[in-house]
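I'd like to ask you about the structure that follows.
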Amino acid sequence: MIVILKPKTSKEQIQEVVQEVQKLGYTPHPIYGELQTVVAAIGDERTHHTLESLTVLPQVERVLPVQKRYKLVSRESKPEDTVVDVDGIRIGGENFVVMAGPCSVESEEQLISTARAVKAAGAKILRGGAYKPRTSPYEFQGLGREGLRLLAAAKKETGLKIITEVLSERDVEHVCETADVLQVGARNAQNFQLLIECAKSRKPVLLKRGMSERIEEWLLAAEYILANGNQSVLLCERGIRTFETYTRNTLDLAAVAIAKKESHLPVVVDPSQGCGRADLVKVLCRGAVAIGANALLVEVHPHPAEALSDGQQQVDFEVFSQLISELGPFLNAINRKLV
Amino acid sequence: MIVILKPKTSKEQIQEVVQEVQKLGYTPHPIYGELQTVVAAIGDERTHHTLESLTVLPQVERVLPVQKRYKLVSRESKPEDTVVDVDGIRIGGENFVVMAGPCSVESEEQLISTARAVKAAGAKILRGGAYKPRTSPYEFQGLGREGLRLLAAAKKETGLKIITEVLSERDVEHVCETADVLQVGARNAQNFQLLIECAKSRKPVLLKRGMSERIEEWLLAAEYILANGNQSVLLCERGIRTFETYTRNTLDLAAVAIAKKESHLPVVVDPSQGCGRADLVKVLCRGAVAIGANALLVEVHPHPAEALSDGQQQVDFEVFSQLISELGPFLNAINRKLV
Amino acid sequence: MIVILKPKTSKEQIQEVVQEVQKLGYTPHPIYGELQTVVAAIGDERTHHTLESLTVLPQVERVLPVQKRYKLVSRESKPEDTVVDVDGIRIGGENFVVMAGPCSVESEEQLISTARAVKAAGAKILRGGAYKPRTSPYEFQGLGREGLRLLAAAKKETGLKIITEVLSERDVEHVCETADVLQVGARNAQNFQLLIECAKSRKPVLLKRGMSERIEEWLLAAEYILANGNQSVLLCERGIRTFETYTRNTLDLAAVAIAKKESHLPVVVDPSQGCGRADLVKVLCRGAVAIGANALLVEVHPHPAEALSDGQQQVDFEVFSQLISELGPFLNAINRKLV
Amino acid sequence: MIVILKPKTSKEQIQEVVQEVQKLGYTPHPIYGELQTVVAAIGDERTHHTLESLTVLPQVERVLPVQKRYKLVSRESKPEDTVVDVDGIRIGGENFVVMAGPCSVESEEQLISTARAVKAAGAKILRGGAYKPRTSPYEFQGLGREGLRLLAAAKKETGLKIITEVLSERDVEHVCETADVLQVGARNAQNFQLLIECAKSRKPVLLKRGMSERIEEWLLAAEYILANGNQSVLLCERGIRTFETYTRNTLDLAAVAIAKKESHLPVVVDPSQGCGRADLVKVLCRGAVAIGANALLVEVHPHPAEALSDGQQQVDFEVFSQLISELGPFLNAINRKLV
């Protein structure tokens, strides 16, 4: 860490900082500049006390960390790409995988028809929410266990793998009976107890970025899963909250490139949540491919106008099918192949 | 709801929207403007299907809700101020309550000395984290059950009431044995399963605003607690995430005034998280009082420079004591009395 | 406009709103809902008084505009794509144009060598700042008129067209002697006097989106230029300010798609400002192409590490050349051709 | 500056950075940590080349500045409070000054009646926009020179000093004939040419914070004015742009405290722009006083519902008068006196 002292700090005050740095386990190394002194604190920041608390000393201006805080998720600890195996579907490397399905599981007919349509269009994994985190307690909260049962039926019928959201630590076990990938949503992006529980299940986990989560924090949330013994993590960019109101969120495609640079984990893009508008989904999928995403998570519904949740961002079967077929040249351009 | 159609929409297309509005349970009422038609959809929005999904129709420009989405937390449903009773300490109305203590419970000596100091200065409720949600898995995660034991001891020793954070649904029951108020942190602000579990405990719940939570969403999260049978909710403004980097968060004091206007629930301000800097805590407490907050939640530590978490935003005993004593004229100015 | 009244508003209070709406020039049309009344105000919002001021009436909850506020820039007023002619280089439609060059003009050698390199790589327009808006008054402010002279020399030498930023109304006239495109930067995105002066010059104007400008506001700033008689506007997305700190700005690629949908004007992407990091420029260029941008504005410098401004986001000749040559398959995928 | 190198950087690569640091005019001082090397670069950052450009070197992780970038505005260069003299009205220190008046000058009657009312309530400076920066070119743009004439008349009539916004470098000279304080609005917060022109006028300048301007950038914009020879600057907090939609902006009252801590300049709060809602103005004025503001800038209109601009955030005479009279106890609490 680097401790920056204020201008005109006395020798005694510098000494006080030096001693405090030592007391907290680092080797202090003061550097006397023209106008300001800085104290470099040598030691592994990930195993020592943080020094940010030293900013309460009146002579300390700021404290700057040197090291990255994530370890297991970093390219430095594992340079080669991780490929996550979802019951035979491999996500990562040159493969490109499409996950699609309705925002919420609403009925057998809705789910099975969607499963068939997305399979025909090229998707390998079916999404569908059985437990729905809704802003208002008066909104449709999902079908729960009945939704899981319908997902299992759709899996049996179509052979698609299943991804579905888990909202509660208590649900992890029984959701795992149906799900091939556990989805952790943006609202639970830093619900560390849920992350740890998902880690223990050993199922692949798709971890959405929180609405106002910095990339470093997103990677540290993934670090919780890896540090608890589960290497099968899919990072999912789904838009961040900004001042813009035309879209529901601002899809941060640069974050995809950064996550791939900083981490070995595969990165998924959710264009549906990412903009909250069906009419932008197709073009955002192209951007996601071009920027290097490993997979897409797209919301598809037989009749979006009548969907029980987030209809405005769901595409119908025809749009979805066209969208996937038109992705080909973009996948070729970046040397990825749709599996 | 108001469905705004695009300019130059044909009669047939208008009719299609009218029918869809009807099908989804509202009484449609089209208004033909000079340039654009809008369809007013009459019906209780809180019990009907949302119409936002209609934006997938090509002729629909936007859909605007009319009603507020929260009910039980609103002034409309309960015009008079709610006073939350924390085992005899009444928060709300003309009372002003100070909650204070360390960010994390670290040791018996640290906690007891802090408890005595904050009590002497005027605090009535002791805060202290036993379970800590930390951005990195390698940071101090709190003492857990041992922390709760120390909080119980401090309560016995000083008579202060206890507020402590709960991170997991599974912890609610045993945390309730020690806590007089359950704290739900910003990272769990929309962890609805945790909110429901806290609601069921019937303990007062202090609900922090999420880092990027709109005021409406914050009130709807509180609505989850009231709708699950628990009226004792304290709303807590703790700063929102913005582009500013001088402070850790941007304390949104206007939100305090808005929450008090829109809702009957008491509002607490956390100036420590709100700015992340000990040197600003005093002045932000004054602002919080002047703007109408009902209580403060302040982080206090015997030696902030050596704190195991968030030392940079904790004040020491002397600063805290001075801070409280200097609040007097501001409390007088707004007709609140420190209890 | 739609005026939403609060629940339990009396007939007299509704009547007051109806009269006020009428007084301000609209035809009022009250709709009595189950719980709330709304008053639709019929009339062209772009030529009438706004009704948002009615929110000061105690019975008014909110006022919602119906119409879009931009006119000349909209697809509704001109469905076909605008092609902006930069002295023979046509930007828009199926053409794809690359503009490149140093952040600041620093010296003859720096500029001429860069001009030759970017031309060889495929750029048609040379960028280079002579007047630089710098956050601090102590930073390099550009070479001013000498910088313009060097740009003119580079143009003569290479035949490249010139784009350069104009900071002051007073500079527009003489900058036009050298520039083929006037660049208005993010800090002046709503400096309407400068926009009007640029409009009057009749030169093409590249209008950057402001750091916290909503898409609607960006289009309205362009509307100032069109409304003042200049149709040759290039919209430029250059990243918005968010909470993320890994990148300097958050490049909003969805905004490119939205601008193209809402407006007939060509859209340019500036990946250099957009992320503030040289190592991300290449991948963001791919994203920009895939999402439908009509042109790129890329910062290139012979020795970025020693650049007088923003070296961290400038690529060197080799990276730039490779970047352009690798864009080919992405341009093919979207049916654009590099001119 | 501190240059942080990546882990596993070779000796040769470290040497390359050391040489580059030297070449750019600093004395390099490498510190070999356990995992990473950092190179401290000793030299005055305000007179040297920035080293941030070194991040383009592959072995460089990040570059961190040590010094603050502002000088003349800082408490370090001038510890005591600056008092700005507005033609005899002294703003700063223990004085508290109220500036008030309509958003726009609309007519003689509107302006004179408002001037009388705000004077009677305790204001000393009349605000009123003659040149209005409006988001849309179709909105009321102000009366221009006629507005200035009316302001001059109101000054003659009431003796109030005048503050009015200047939008164009070309207007500074003639606006100075009427204005006692030049107001620079949020949209021009980094229009440095306008700031320099205002500086040269030697009139006091009220500098609003930009919508997404960090505090450091705001102070650096003020530095432009001081560095160009004008010490009479009033910093004005008017809300920043965030994700929140209930209010037009998020008033950042902590920024007031920070500006007062970092700088000797007086700080003004604009609660009208700060929230965009008349019903919150009173309570935000209290917060502004308690947090240490030196003055208020409040929008007042005889009939806000019919105002030609921003009626929703203007208070009427009665509310304004009550607001000021109720500020007394808060001013007493903080030892400020209304002048």
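Points to keep in mind about this one:
Should a chain be cited, it is by its letter among A, B, C and D, assigned in written order, with residues numbered from 1 in that chain.
Basically, a contact is a pair of C-beta atoms (placed from the backbone, for glycine too) under 8 Å apart; a residue touches a chain by one contact, two chains touch by 3 or more.
Quantities reported herein were computed from a predicted structural model and do not represent experimental measurements.
Among the remaining chains, those touching subunit C as well as subunit D are A, B.
Across the two interfaces under comparison, A-B and A-C, the one joined by more C-beta contacts turns out to be A-B.
Chain centre most remote from that of subunit B: C (centre = mean of CA atoms).
With each centre defined as the average position of its C-alpha atoms, the distance from subunit A to subunit C rounds to 30 Å. Distance from the subunit B centre to the subunit C centre is 38 Å, each centre being the mean of its Cα atoms.
Inter-chain spacing, taken between the CA centroids of subunit A and subunit B, is 25 Å. Chain contacts: subunit B has residues 212, 241-243, 245, 279 touching two or more partner chains.
Interface of subunit B with subunit D (complex): residues 212, 214-216, 240, 242-247, 250-255, 257-258, 261, 274-275, 279-280, 283-284, 286-287, 289-292, 329-330, 332-334. Listing the residues of subunit B that touch subunit A in their complex gives 20, 23-24, 46-47, 49-50, 52-57, 63, 69-71, 133-139, 167-170, 187-188, 190-194, 210-212, 217, 220, 223-224, 227-228, 241, 277-279, 304-308, 310-312, 314, 316.
The touching residues of subunit D, when paired with subunit A in their complex, are 2, 4, 7-8, 29, 31, 33-36, 38, 40, 42-44, 64, 66-67, 76, 212, 241-243, 245.
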